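Note that the chains are named A, B, C and D in the order they appear, and that numbering of residues resets to 1 at the start of each chain.
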Amino acid sequence: MIREPVAEFLGVAILVIFGNGVDCQIVLSQNPTVASFPRGDWTSLSFGWAAGTALGVWVSGGISGGHINPAVTLALATFRGFPWRKVPIYIFAQLLGGIVGAAIIYGNYIHAIDIVEGGRNVRTMATASLFSTYALDYMTNVSSFFEEFLGTAILLFVIFAMIDKKNMPPPAGLNPLLLFFLILAIGACIGMQTGYAINPARDLGPRILTSMVGYGKGVYTFRNQYWLWCPVIAPILGAQAGALLYDVLLYTGTDSPINRP
Amino acid sequence: MIREPVAEFLGVAILVIFGNGVDCQIVLSQNPTVASFPRGDWTSLSFGWAAGTALGVWVSGGISGGHINPAVTLALATFRGFPWRKVPIYIFAQLLGGIVGAAIIYGNYIHAIDIVEGGRNVRTMATASLFSTYALDYMTNVSSFFEEFLGTAILLFVIFAMIDKKNMPPPAGLNPLLLFFLILAIGACIGMQTGYAINPARDLGPRILTSMVGYGKGVYTFRNQYWLWCPVIAPILGAQAGALLYDVLLYTGTDSPINRP
Amino acid sequence: MIREPVAEFLGVAILVIFGNGVDCQIVLSQNPTVASFPRGDWTSLSFGWAAGTALGVWVSGGISGGHINPAVTLALATFRGFPWRKVPIYIFAQLLGGIVGAAIIYGNYIHAIDIVEGGRNVRTMATASLFSTYALDYMTNVSSFFEEFLGTAILLFVIFAMIDKKNMPPPAGLNPLLLFFLILAIGACIGMQTGYAINPARDLGPRILTSMVGYGKGVYTFRNQYWLWCPVIAPILGAQAGALLYDVLLYTGTDSPINRP
Amino acid sequence: MIREPVAEFLGVAILVIFGNGVDCQIVLSQNPTVASFPRGDWTSLSFGWAAGTALGVWVSGGISGGHINPAVTLALATFRGFPWRKVPIYIFAQLLGGIVGAAIIYGNYIHAIDIVEGGRNVRTMATASLFSTYALDYMTNVSSFFEEFLGTAILLFVIFAMIDKKNMPPPAGLNPLLLFFLILAIGACIGMQTGYAINPARDLGPRILTSMVGYGKGVYTFRNQYWLWCPVIAPILGAQAGALLYDVLLYTGTDSPINRP
């Protein structure tokens, strides 16, 4: 039983190590003191998060189901009978995975962060944004909420199609391949404005880490509790909406409350 | 029964959300007021449309067959016995999916479009082309028609190979993987001059949306009803040609009118 | 029986349409009169040829075996009992596919070629190299021969591993996925100096086409019959060497002359 | 029996041909005398190593298990009962494969290296780093060790998940697909600072080659025997740690010493 939350913890840790890692590598390497030429661009960034997600599910899928995202866990609890009693420990494990994954990457890139920031004691939003998401300047709060809601709704809609045996599921063991394309597409298509958190653990975990290592309260006070309503609440609600949409419009299985006899 | 057109509607919506999304993200992010650095290039664009196509088929394939393209539906009706009575509702659903998908992306990127255009009330071809296709300046009408005809002929030729059990079909559930490579290749190889519509719903749906939200009649008057003959008629005819070519040259199944006893 | 060479013809045509297509799109779009921004870079180019190869095999694999390369056909004849009597018609069909594929792409991009060359009557090596391969200036003849020999040896070595049931073959229908990675890697790793022809039909077919449409004899006289010894003879010999290496070192099947009882 | 180390030799040779090849192609082509435009960037580099790894395993997986990495061989010996008596010959074969693969690429790119270095008799770290890994200037020894340890720990952790039948293994024959994503992610996310050796044979083999062809002792004296502790010892220890982590936290099979009855 303990293996399930441990798998979730490790799955999110893998996801965040790769995701925060690609953020750090690409952004920090733009600095000529760090690297002689840039080590990637936005395309690499999409690939890093996409591959990280696929690998996070591959290491945990057979043990915990490979949710690695509280919004997914909650949608499965509402619509696919995932036991509510397991939800708190799953989410706790996922969040912890986000913190630990971010800590590992922070340790790995600390010297490059020092160079970009100008010293060990200087920490600003410039590098805080390598770990958690912050909307672009021109975005309104409504648009920010909408984009995270939308991205997670699509995420769950596609996941619910993927796990629907009567639709067109990939062969056993290849769900992560579909997820690779899904996260790649979300990052390439609707990932610019709010940074496609679409996963509260992937965003809040690293945010907590940054608040602990010297970035201060700014990571929480940005745009009046942005951290809560944009990358946490919007994904949770978007996930419910995307899952509901699939079950109302396409699903015929009787394990959904929509179709329950 | 209603689930089939609903699946087509949702499949095209997914395709257009990702496709129009990647167009918007990449082109709008070239503007330094929108983003501090570009969020992708033409390669990302090819990946976005390719992944969007694969995902659109993955969410609809087991329910409606995953056509998500009127040219595909018509070719399957002509050559594979897809019921003609279903064709109108399929195409209507696909077109509606294109409109709704484009509307979602338009809403998602409206502030960045405002910045690039110079205000909410300014809408020009510069951003209309993020939603539908317009040929490059140097292209003649004949060349434009030819490229869309060619692209869709190849699309259907490969799709007909993919669904031919006696050729080399991918394992069950992995047709979208082949389609990913196919759309990636079409975008990377013959996608520059007319924007590879190769799908009337993917082009006309978003075009209708743009005409409704302030882009005016210019989206239809461009090059003397370009909207009709280039991204609608050419793909439909090209699809018939590609399918015919496969059936005449390679197919042995007796469900094709070419081989019917 | 006729379906086999027809499948080879079509497979090479698909390969060359995508391959020559990506060459044209990327190089021609560097010209600001053609396109407002470049439509791809060397990475896209590798993806185009890789996806084109995978798709060429997917459309022909179940019918002709999907050789789409005379060097592959000859190696299979030498080492895997492919009937020698079929070899001439296979190679003829492959070569014809290369000519026709190149002709289609030449027609598709003719206006952009006119712009880059300066007119319909001007044709130089600058755009001839979009269709066939020419070594970089600094390359010696020995190095050029070596690179094409090496690339094709690796190609066949990996293909022979792929079709060895006792090694680690991909699931049925996914050989083209392995070939995608293989051609991607060859292009990204050893593709720069001689343009990785590694396939006489893919190179000589388009070369014949260029000689017919106005590029003149220069496509043959470059470096003293380069067209023959570098992209034709070197791949054929390299293929034999790579196949021999696999059979001598790793193969245990008794259908190889190396292991014949 | 001899086929096993031969397969390991060839698998590493393939890996290094592609890996060193992509390093050479991308870095050397930045020089305008070598090539008129760059042939790839860091993203292509990640793809080259990732595809090379997948192909190296595809050619050897069914014969030797496809370790192609001494750190993997040692971890499998410790935790999965791979016979210790085979370890020395496996590692010897892997190392030899690294030397031979690097020699082939060195020969293939020798003229371009001459141009970049300024002559056949000039060999500096600028091109030595195309073959083996050297940490960036700002990196401390501790950080360098940590990054290689971390990368290899993740590598083995994911590999152990991949070969765990009770987790979510890919279909037979598709382990290399997972490895493609894994190496792509490692390169894109934690590959910048020490060059992600994560494989003593891939690093020491080419390093020995460089010392033999004129780069001198500098390849060994860099940072006080960096060659030994960073790309050799750190990966070996990291691999043990990653494998241990998987077995302690997630594995239930009784073939691990952790769970042995």
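Please note the rule applied: a contact is a pair of C-beta atoms (placed from the backbone, for glycine too) under 8 Å apart; a residue touches a chain by one contact, two chains touch by 3 or more.
These are the chains along with the protein names UniProt gives them: A, B, C, D = Aquaporin.
Because the structure is predicted, anything quoted here is derived from the model rather than measured.
Note on connectivity: the fewest chain-to-chain touch steps from subunit A to subunit C number 2. Here subunit A and subunit D face each other with different sets of residues for the most part; under half of the interface numbers are shared between them. Distance between subunit C and subunit D, defined via averaged C-alpha coordinates, is recorded as 29 Å.
Centroids built from CA atoms put subunit D at 41 Å from subunit B. Within subunit C, contacts with two or more other chains are made by residues 41, 43, 171, 174, 177. Here the chains touching each other pair up as A-B, A-D, B-C, C-D. Those residues of subunit D whose C-beta lies close enough to touch subunit A in the complex are 41-43, 46, 136, 138-140, 143, 146-147, 150, 154, 157-158, 161-162, 164, 166-171, 174, 177-178, 181-182, 184-185, 188-193, 249-250, 252. By the touch rule above, subunit B contacts subunit A in their complex via residues 3, 6-7, 10, 14, 17-19, 21-22, 25, 28-29, 33-35, 37-41, 43-44, 47-48, 51-52, 54-55, 57-63, 66, 104-105, 107-112, 115, 171-177, 180.
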